[in-house]
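Residue numbering begins at 1 within each chain, and the chains themselves are lettered A, B, C and D in the order written.
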């Protein structure tokens, strides 16, 4: 019986038959199917115990309360807190996507590093913390030995008033350098305006929830302005009952943003003419006698004409406004119909609790001083200052200030030297930092005056609206240190990386969330163990100070950052007021109206501190409304429509070469007494309008970060394909304008400005003002990972930045451009 | 009005479009809650996986009278003759008459995409790729164990965060309860919405706010004429917005007389 | 085309019968050669039974891995009233002593080291002298390292299972699904399906999927069967057990 | 060289020529093979399908070939059940074409689904309400039937025929072919219908939705009718093509004429019903959804011309051609008629698949366009290549056309 072909076939046939009668083929089929259900390359999230940790989001100055849901030690979700007064439950998309910033190795620095590749290549090698600190301490001490401590400069993007930013400023000062520079934001302009007209230093505080008529001059209430969790919640409240809607929202903006198009009324004023509009409204209100005579007569200065020392007759605010801002004229300037101006003014003045607010977009970009003053005047003449639903004027939050530094000789000599950005000089008397000037100074001089630059929580290379000036300046700075936890564009330019924790891993404080109408001190707590070898920047500063020694060391007598926070909190306790418990049942803004609140809900400082550390906040309900007679700290002791401070400053500067020169040099087009009062200045531009017939205006959207914080990839899902398609971002352009250049939907165009050009696609949008191109901020990263790198273009690259008169802040809303169809 | 079949609950959602600001937090919350796959390029909206998707509509008027409105669109959990359920050949999707929620079982789905074709709301998306979790990036560390990540080649859709219902039940059981209070079970998007534009609850339970809201004169649903009886309702005082929600023959649409404000 | 077999006329009548006849070997008709010689049958059957035994005997063994647990554990000893400190009026309560419910109603499953160290916190704590016990103290307790237990009854990721719903609300005994472990002195070898990674306890020890006890198998049908038997058809809805 | 395998007494080209002839089809197969590999290994991202075009070119092809393959069961039905004996001469060809169409379609479906390995869930976890389940069941079973119908022909190969038991087996299979023809007919009627049902039941898609009789929407019956109208036409086309290529008369004209006549009548009947259905839809389903007929054709490349083409040019005209004896007896006209007929059915399947999905239902939803990738084309064309190859091989080695020998006597 040999095994020939036929028999072998029989053998196989038998086998085939036999196997059918066993489980093998059937179980195999099933198992292979089950294999596809459990493919090894599909991640299986580990199970464990669910834990919830409360903290505060510090991705923006809004400081919303967040609760992090964890599985054992792994964070799996961020949710809004309902037991935190700023945001009752909701947060913004960025905060919601926060975990993608925490758990993404390719956008984070995992340990200290030093540069090996060429600048900007982002090639670093790992080093130890000791090595890194020694390197930096050595460099700084070196500068001090060379008696040029001022060559140390710091760029700080942490919220103003935050303890960390104080520590950074303190470090720079202690070393002996005046060059502590901040990233400018709307609040800086706002505080300047307040300082000039009210003499107060308190932060921006709008009682939105209690207002019944909100006139917003470009504030992106729905684009992430202030604390998004709070403002958007307020929006919800305003629309609670459609049947009897109480609140009216009016948006002044040149583009149908979410805010503009969802508002009850949209006033489309040309960008940069808001001041004129505000004054136009004042005109109507004054003319119709709708203004608050009590406030104007009793508590204000410079409303009516007056004669100054020496019997010189001066024209007051009233005269100026009546003379120069008639609806007709304003209509001409702003492009808003004069009837609209009139009706708007009457609605505003007629409302029970109106408030006019300013700070364009998210408020993360600087504003125009005179515009803010004009809006302030609008609130003033209607008597909306320190009234429920109006603007609340507060003392700064009573945190105790850090002990005085006793400077050694090197330091004090260094501090004598002028700031590189000339902020606070006679030319820019009211600004305390001008980053655009710093860049200019460096670019101007052959050798960078800055030797060592420390960068904290900032990505100026990408976020500054300066047409790339700062990026250029960085190339000249010999030594750059980045404290960023993220691999951002600025960090790529750095020589030394001292990575900070992410906001979920570190202790930090929120001092007065942006725009909130009552004082609040929040504590952001580490809800996660640091996943990488990073350190809280504040603790790094403490270590650094030790190593530098001398007066620097003595300026930082603390071991850990928590000690500093606790020490500052002592001030809250000694203020003898404030609450640390909040259960979310009765919103603070409701209780605020009474102006009185229960006494402190803690007996001792230790008790208060323990509660703050657990609950995360301290806030105060007491507020004295309408205390106009003792509220203002101006030279006149009144609200100054006519700012004596400006007058003094201008005259002081004029001593050098006469008033006309002074005005010109300060960038003022206005003449005479106008310049001391809120007035409209046409934004100066050196560009030739015939070659650049169009305007480009960058805008912010809530589901795309435009600050130093990377964009969580989840948010890309929420972008429309008319905002980003593939790697191309879109510019919003009015169909009418598009037709002129025969540009169709989706066409590729080049936008050219004096600073350069970018390639984008066109999105035809009726809501865009004709003649203006609108580009979203936040695209065009050259750093980070595949989720954002190389996606779209960054309008900042082509912004033709001017200077705001008097304040000197960058003007980003006036870029002349032309388009070329590809 | 009697919703759903049999007894039990009929969970539904009411979205106030006047409150909705189009911020997209609902989308992000949904993605984070349900382990949605994120690819480097999410700009191809025909292939990007979203359970809750925002549609942007404008009234088409020219500058400066343009108005924009956003339609957040989860799965409608159609109550009647659910289009996707009857067509699925492998019984991978079913309507649970005790919750009114339409399930989708990824491990059962064979990826024929018939359900996608049958759904007029585009509420269903297909996994064209393997989930994107490159080695060494560590993205998978934020995944929640409550929702199973999907494999390539299957269809997925909004589940009304069904796992949250299970979570709520577990909590109740721990307290020896069987019945859930209103608000104990809400979806991630409802919870996240900073404008409180979304209300979630049991349409069958007169106590629940939703059953009140759906009676509003401003309430409407998407493509009601098709008779799919969605359990997702919308509210808007704007006629042009309500008109956007369905196809109308000339003269068919009945505007609501504007109510006086204040 | 002389071949009559293919010409339609013939085949049209009595197709069936001749068809079957053709298959059988028949003696009559001298020209006829039986299709299967004896040797042919031998080969056929050899193939048949070879495959048969392979499918029933070899395959089931080859399909599963064999992994011992990191260290041994003696349920019986821990539950012994004279030895272990484990209390509880009912069997279930005793199980829950270590395999406990969390406050949010979730189930902790296999205890974490912390649970063990509640009793075995220091060298003085009650413990035997075996090598395994030494290793437990040194490697895990001292080293604060979680024990990488292999879990027999871990369902795949697509499955959601609420213990509290079954144990607390459904009043189901632990052993109904897990069998009685209170008497076991050592942990069985862990066996996982090499293709699917499923523990053998899920698909069932019997290759044919045949089960005698309720705890022999933990497939979907077993859950459904019990739900139906207990009159809880509503719990057979997909999303009740799938996530 | 391989002449030993040829059917007796017929002439076949030389192996070289034959190889040359198969080359292009082999290339198509290779292209398809590569595409298939990519789609199975990397996933369906290799295609241009998306969540708007969930079904695309593959499904269009599937539906088309299945409809055109209907010639097999219908010819079988006419031959064995109705007893049109003259069709025996073309039946083998019809069966092979059917087999090609169905096996091709099933192969494509296997790649089209996202989880092929779990494909059998359709059968194991079947949802009886799903038309797709019905389709899957029927076409798989029917493919089996076709295989059985194909088998005896294979066994008639000259060499295989030498093995006695095989010959007996084949011979007896022949005997009971009527049974399978009946089964095939039953199965086919159902799945052809269910394919139409698939679209008819998508009642949230006003473009495709139809009312109907009991659980079956009108499209169910329309699809059956259109399939049996086009199937024979396609059989005629293929056979004619074979005749042209081989430069031989393979089938007596009578067979063609019978098929053409029947096809013509069925097409005419189909057209009547199709038009009624369309009108009924325009005044029923469409306005109820708040739409007007023209709304479906406002955007994109799919205009009303599609309707005109489908019903007019590729419906009524071929019907007339095939019904007028004078016309259909003229070969040129016959072929034109059959071509138009088949094209019409393909358009119909295309419209129901692609246009149904392309037309947005939500008012604020936008129209998106779709073009297949080379991978999609590759798999689609592979089916054609496979068809040509299998038919050529069958023709070369099997007595596909029983009358070939007498129609083309070898000149010694």
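Rule of thumb we're sticking to: contacts are C-beta pairs under 8 Å (C-beta built on N, C-alpha and C of every residue); 3 or more make two chains touch, one makes a residue touch a chain.
Since this is a predicted model, take the numbers as computed values, not measurements.
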*Please work out which of A-D and B-C is bridged by more C-beta pairs in contact, and write that pair.*
B-C
*Farthest from chain D by Cα centre, which chain is it? Let me know.*
A
*Chain whose Cα mean lies nearest the overall Cα mean*: B
_Distance from the mean Cα position of chain D to that of chain A, given in whole angstrom_ = 65
_For chain B versus chain D, what separation do you get between their C-alpha means, in angstrom?_
40
*Compute the distance, rounded to whole Å, between the mean C-alpha positions of chain C and chain D.*
46
*Mind pulling the residue numbers of chain A that touch at least two other chains?*
32, 35-37, 44-45, 47
*What parts of chain C, by residue number, touch at least two of the other chains?*
104, 106, 156-158
*Junction residues of chain D, two or more chains touched*: 115, 118, 121
*Can you list the residues on chain B that touch chain D in the complex?*
44, 46-47, 55, 57, 71, 78, 81, 83, 86-92, 108-114, 116-122, 124-130, 151-155, 222-223, 225-228, 243-249, 252
*Spell out the part of chain A that touches chain B in their complex, as residue ranges.*
36-37, 39, 41-48, 69, 71, 74-80, 87, 89-93, 96-97, 99-100, 102-106, 222, 228-229, 232-233, 235-236, 239, 242-246, 248, 256, 258, 261-262, 264, 266-268, 531, 702-703, 712-721, 724-726, 734-736, 765-770, 785-787
_List of chain B residues in touch with chain A within their complex_ = 16, 18-19, 21-25, 27-29, 31-33, 35-36, 38, 40-45, 48-50, 54, 56, 58, 60-64, 66-70, 107, 130-131, 133, 136-145, 149-152, 191-197, 218, 235, 237, 259, 261-262
*asked:* Per the contact definition, I'd like the list of chain A residues that touch chain D in the complex.
replied: 29, 32-33, 35-37
*asked:* Using the touch definition from the top, list the residues of chain C that touch chain A in their complex.
replied: 36, 39-40, 42-52, 54-56, 59-60, 63, 102, 104, 106, 108-109, 156-158, 193, 195-198, 207-209
